[in-house]
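The structure under discussion is supplied below as structure tokens; questions concerning it will follow.
In this document, chain identifiers A, B, C, D, E and F correspond to the written order of the chains, with residue numbering beginning at 1 in each.
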Amino acid sequence: MRAIVERGLAEDLAPFGDVSATLLEPDTTATARFRARATGVLAGTGCVDETFRQVDAAVGLVWLAGEGDRIAAGDELAQVRGSLESILIAERTALNLLGHLSGIATATAALVAAADGGCRVWDTRKTLPGMRSLQKAAVRAGGGWNHRANLSDWIMLKDNHLMGLSIADGVARARDRWPARTVEVECDRLEQVGQAIEAGADLVLLDNMSPDQVRDAIVLVDRHEADGGRRPLVEASGNIDLDTIGEYARTGVDLVSVGALTHSVTVLDIGLDIEPQNPE
Amino acid sequence: MRAIVERGLAEDLAPFGDVSATLLEPDTTATARFRARATGVLAGTGCVDETFRQVDAAVGLVWLAGEGDRIAAGDELAQVRGSLESILIAERTALNLLGHLSGIATATAALVAAADGGCRVWDTRKTLPGMRSLQKAAVRAGGGWNHRANLSDWIMLKDNHLMGLSIADGVARARDRWPARTVEVECDRLEQVGQAIEAGADLVLLDNMSPDQVRDAIVLVDRHEADGGRRPLVEASGNIDLDTIGEYARTGVDLVSVGALTHSVTVLDIGLDIEPQNPE
Amino acid sequence: MRAIVERGLAEDLAPFGDVSATLLEPDTTATARFRARATGVLAGTGCVDETFRQVDAAVGLVWLAGEGDRIAAGDELAQVRGSLESILIAERTALNLLGHLSGIATATAALVAAADGGCRVWDTRKTLPGMRSLQKAAVRAGGGWNHRANLSDWIMLKDNHLMGLSIADGVARARDRWPARTVEVECDRLEQVGQAIEAGADLVLLDNMSPDQVRDAIVLVDRHEADGGRRPLVEASGNIDLDTIGEYARTGVDLVSVGALTHSVTVLDIGLDIEPQNPE
Amino acid sequence: MRAIVERGLAEDLAPFGDVSATLLEPDTTATARFRARATGVLAGTGCVDETFRQVDAAVGLVWLAGEGDRIAAGDELAQVRGSLESILIAERTALNLLGHLSGIATATAALVAAADGGCRVWDTRKTLPGMRSLQKAAVRAGGGWNHRANLSDWIMLKDNHLMGLSIADGVARARDRWPARTVEVECDRLEQVGQAIEAGADLVLLDNMSPDQVRDAIVLVDRHEADGGRRPLVEASGNIDLDTIGEYARTGVDLVSVGALTHSVTVLDIGLDIEPQNPE
Amino acid sequence: MRAIVERGLAEDLAPFGDVSATLLEPDTTATARFRARATGVLAGTGCVDETFRQVDAAVGLVWLAGEGDRIAAGDELAQVRGSLESILIAERTALNLLGHLSGIATATAALVAAADGGCRVWDTRKTLPGMRSLQKAAVRAGGGWNHRANLSDWIMLKDNHLMGLSIADGVARARDRWPARTVEVECDRLEQVGQAIEAGADLVLLDNMSPDQVRDAIVLVDRHEADGGRRPLVEASGNIDLDTIGEYARTGVDLVSVGALTHSVTVLDIGLDIEPQNPE
Amino acid sequence: MRAIVERGLAEDLAPFGDVSATLLEPDTTATARFRARATGVLAGTGCVDETFRQVDAAVGLVWLAGEGDRIAAGDELAQVRGSLESILIAERTALNLLGHLSGIATATAALVAAADGGCRVWDTRKTLPGMRSLQKAAVRAGGGWNHRANLSDWIMLKDNHLMGLSIADGVARARDRWPARTVEVECDRLEQVGQAIEAGADLVLLDNMSPDQVRDAIVLVDRHEADGGRRPLVEASGNIDLDTIGEYARTGVDLVSVGALTHSVTVLDIGLDIEPQNPE
């Protein structure tokens, strides 16, 4: 987070600092209020703290709402007091991060609500370079869960990796090379699902399947479990959105992954109302 | 760009690299094709080049479409040939950047088309930390223009900076301290517009004004020019979108700034179709 | 790896470069040979490549042995040809990395051999700051396996985390918050082992148990499996070394973790024999 | 040190932080004690301070033993109080550094004791990339001395540099190009020693010589001094260890360099005993 | 500034710190005084603060003179109190920055005085890599102004860019691609000046023109303004120095740029008088 | 050097690149020539290579003069061929480094010539942060020598370090703690010189002494040598310049250090003449 804020500030200030602020009377102070201009879920408060800390540790910042809280348009979220110049310098970097991460949390919360407890919602690796940790933390703030962090985190077997190897052999090879590490198998067809279950995958990914196909896959999992087998987690993916997640949630699938949570973020509108005080 | 790609790859690969790729037969090669799955404008091709260069300089990459080109769903955009492992490792970082930046270019092009030549469309400082240069380049790729780069680039006079100073005095002070640097004045009310024009601002920002209010402001500018004065550029901002930009464009305003271009990006769907070759 | 080599070279060369090399006749070239002075397993060849690449891309380097190969005292491992000054500059950084990583691979291979197929040997988080990825890759080169990468990789439940919570509740909470992520339970006593198995842990860590205690734990696992339960992996740890691993391996334990693999490395002695050529 | 700790923490925490710690009750605090589990010399206390500072500046840390102190198994070394989560996050990075550096100090102290005042013990450039400054400081903490920092620090004349040049001419060239900088000459044979002394080297390195050969070399130095010449320092190197250093020390040699001090470190076993407090 | 000070300190301290300071009695403290040894203008005070902050936050530092103040030989500028070792470590880095930046400010002030209000003095891009922001801030501290920050800041049209394009077309293209961004035209001949004025350049650069030629150019500008045209700023450049700036200033030119301000800096002699206190 | 060039380019190009170059016809190429506009000594050629390499590896660069060569006004130094845009982008960074470093080399050569072989000329630690290695290499290119690199390089005993300790005890302590490392003693008075010689300092610094005082000090050294003692090197410092160095050189002093070599650099005027080719 420190590095991201540093980059944001450097980008916004180099090389002269805020040239407009050079016109201010010296020592002008201000009170400012972060205020929600839309309804959603708050995320990124730590980034705001870090931004003000890097700009001017003497600025005071008090939060009235916390990470993961639902907020409504008009709510006052935090109060800031200190040098007007410092507040103006921090403003944009703080708001850019807060709005983006709250946007992710808000979209996550909406999907979680739409799933209505039928399944869990998690994210993907479709994140922006350098922002993945923060974006995934915002998914958690919105009540969602995190899929694998990266290519190194767990094994995902796709057709591309198998190349003639059976799914059973692929899973066995994964277990052999990377003991205790999660193994997921991506399936495009029902027959692969059966193979993945038999192979003992921890996680079965149903990619681009309709709710009916997902239901058929779940039947296979149920049957496997009824036969005394270990039940893997089942995940559905493929352009599932607010309109369709309810239907997927009712199939009995465990998890739905949604790339849009992080690749197509709508900012949550949050503003900073600044009231300068004339120096006396 | 180099640093962004480095961060993206590090984030996706640390600490073990692609554990799934360790299951591949050694020396497997592949041909892969970047293919548009939606219609839009291509941006970020340089990031894809850089990603493959960093992962494996021996991978060959040929573009069939160029930065700023309109592309349609199904179009083949580039061909890649080389180590399957390298292609799998580069895939997500390359697609994340390409999809995001093409999303910006596509949205920009749509706004530019909707403005129908009536005004120019430019961006804001509402960008993601560390991504501003790339995001602003994507706006240019989409046919848009770039507003100021950062707080250091040109002077923006807002109420917060003036604090009792008149607009005329504020502009004079800006000219005095920062000769030859662009001076913009943000106006919420028509009377400020008149003052900004008189003060000789280079750029007058009409914030959150209706098309009618914008038209009134343009009348002031026209009159000033008719009286032999220098005509400033006039910019409108404030939640102007695809639905409303046409009306603003017909007011005679020179520029419309749209924060959503960079703060609320919808990814352009681009995929990578990989065909592995069995090693012989 | 790039960053580590950069740091190694910077540390060895700043600020004047190799002052001794300034005494050389200009344009002196040399042939040099990496040669094993002890028997072991080779690891870190990529670091040597990277070191020479950073110092002088014109130096030619050909490997006669590969990553993970067993090597004997006297074996020639690689040939280098190029500028004598470049070879002298790269020498120490290359050897420091090669010797350290080959030392890890060699110790790993010895433990794997001593386990004689009875169990697998893996590493810990007891690595040197900044070196973890390379050290863990050297463990793989030596025929060992990698335990979790870091605190973020999988859940390890210890007494410290439970604080009154039962193991069953702890595992359930882990599953709830981090779906599909590996959950390991550290056990100091046999009764905890039974609880961890019942709770459905993926991995049960037997910390500081004697071979007999480990055997008792395996009995519990066997019984659980015989009752139709899922068999977790079982890991033993706690100062297990070359003398004792054989006995542990015969208990039926799946994995033995050995901190000494990375925290107490004995370098593998590898030298670089340089033969300068007088410039003609 | 700051950068090393940053790398250690990043490596251990990215991308989600400590996932196990997310299971803790919020606001749990703890007291923890660093405790020696073996006898040795303490080094790296500053790294522990820096680790806790970076993780959570609110954690209190009080040392009961200091850098360079001899410590015995069971000794309490430091007390830590603060957030349990912060302590768990800092634990491994702090212990990895403390154990490694104390291992170096301990081995150094053992060699210094074995030399029994007959000679001084110093280190080499056989260090781990990025760790050289800390490793060399640990040698000092253990009562040893530091050889040259790097290739840039002083001139070391080896056969490779001379290439037909006499030692006398080599030393003269070094004096000519790098006035006031230490000049050392590496000698494999007694005749070179005589030449190095005559040439006025500051330091004569006897590489891979037996104690008898070293004694012969010292005779040459004594004779040179008796003849009114300046006495250089004489250093012995080449796999000298705890068993053989005593005999070398009795030869009259000034310094013995030992690569194993930093290239083959055995960790000093130090643990952190954590006692969580239930939040009230 | 943080990064520059870090580099300065790293460069001066790696790898052992201040070896001379290791000879000090522990806990020795000192009082030290920054004192001007020549007359000039103070700049770089923030760098001194940052240097001491990085070395040892416990050192107290009080300024008796401020950024941009005129100082005379013998003036006490600041008092420092704290650990003698910390003061010795910070001394050189602090003085190097303070002397260099005050040297820039002093030379700027001399040129501004010589211009006697006839024109403004500003800098160029002829700065030292990594130092541009600080050097340009020192120009402002000396009462000068800042020309464009870099190649990205504003458009400079030279013959090289035009290649057959007329100046009018070049300026139009610049306006078209980079709305509201400053456009400057470099002119070597009077006829180009006329074209640049007609084209509506914001800034006309008269490169290597004599005062008479500058006067002729100003006549063109005056005439253009008298005809109701907008008056551009006019800048002269080309080895203008303390001896010649007065004559240029009397031509009516608006700005004179002087590369020597940053490319040929004479340090302002400032010393640090240290009085150690014997520990009691 | 790589990092310095990166910083220079980043500073000159962020965030949009060269906006003026966006007006060029695509694919325009050029030939350019580095040409001396003054007489001096060339230094920094490697920085120019690195700059073009980072900007565009396809640009060809051929040197007609080499590092350390004397060059005269009008001499062509190097030829460059390639993309006009790349040449324009690299131009300023390359020239800033080349001019600065050649300025240092030129001033060094002048002082060396003025010393007329009577003494050697070396530099100080009065360098610019981040530039020390390059600046000290330029001193060597100009025929000068390098004093200690930094505080860690060798021991400098000043009054501040002694605090009641005699010079003899100070030198002994330095020898004890840092064997084989150069020990220098700074002397303000003749009596200290005698003590330093007796104490066996490697280097005696005569600070701010007149040529007569230096001569007196040399007498002491001569006498010490005549008495069979070891002759230390003697260095004079303190505002010695082109006018006075000759007189110092005739005193018999070994070395003269000149801070101005690096703290008050006058750029050597070198230009880049660019001839664009119209694309056909």
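The rule is simple: a contact is a pair of C-beta atoms (placed from the backbone, for glycine too) under 8 Å apart; a residue touches a chain by one contact, two chains touch by 3 or more.
What you are looking at is a predicted structure, and each value in this text was computed from that prediction instead of being measured.
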Intersection of the contact lists for chain A and chain F: B, C, D, E
Starting at chain D, fewest touch steps before arriving at chain F: 1
Most distant chain from chain D by Cα centroid: B
Self-contact between copies chain D and chain E, residue sets same or different by half: different
Selected pair, out of A-F, B-E or C-E, that shares over half of its residue contact pairs with D-F: B-E
Most distant chain from chain E by Cα centroid: C
Chain A and chain C: spacing of chain centres that average the CA atoms, whole Å: 33
Distance between the centres, which are taken as Cα means, of chain F and chain C, whole angstrom: 45
Approximate Å spacing (C-alpha centroids) for the pair chain A, chain B: 23
Of all residues in chain D, the ones touching two or more other chains: 11, 14-16, 132-133, 146, 149-150, 152-154, 177-178, 181
Footprint of chain C on chain B - complex, ascending: 14-16
Touching residues (chain side chain A, partner chain D) in the complex: 132-133, 136-137, 146, 149-150
Chain C to chain D touching residues, read off their complex: 4-5, 7-8, 11-25, 28, 30, 84, 88-89, 92-93, 95-97, 99-100, 103, 125-133, 150-158, 160-161, 163-165, 170, 173-174, 177-178, 181, 259-260, 263-267, 274, 276, 278
Parts of chain E lying in touch with chain B, wherever the complex brings them together: 120, 122, 145-149, 152-154, 177-182, 184, 202-203, 228, 230, 233, 254-255
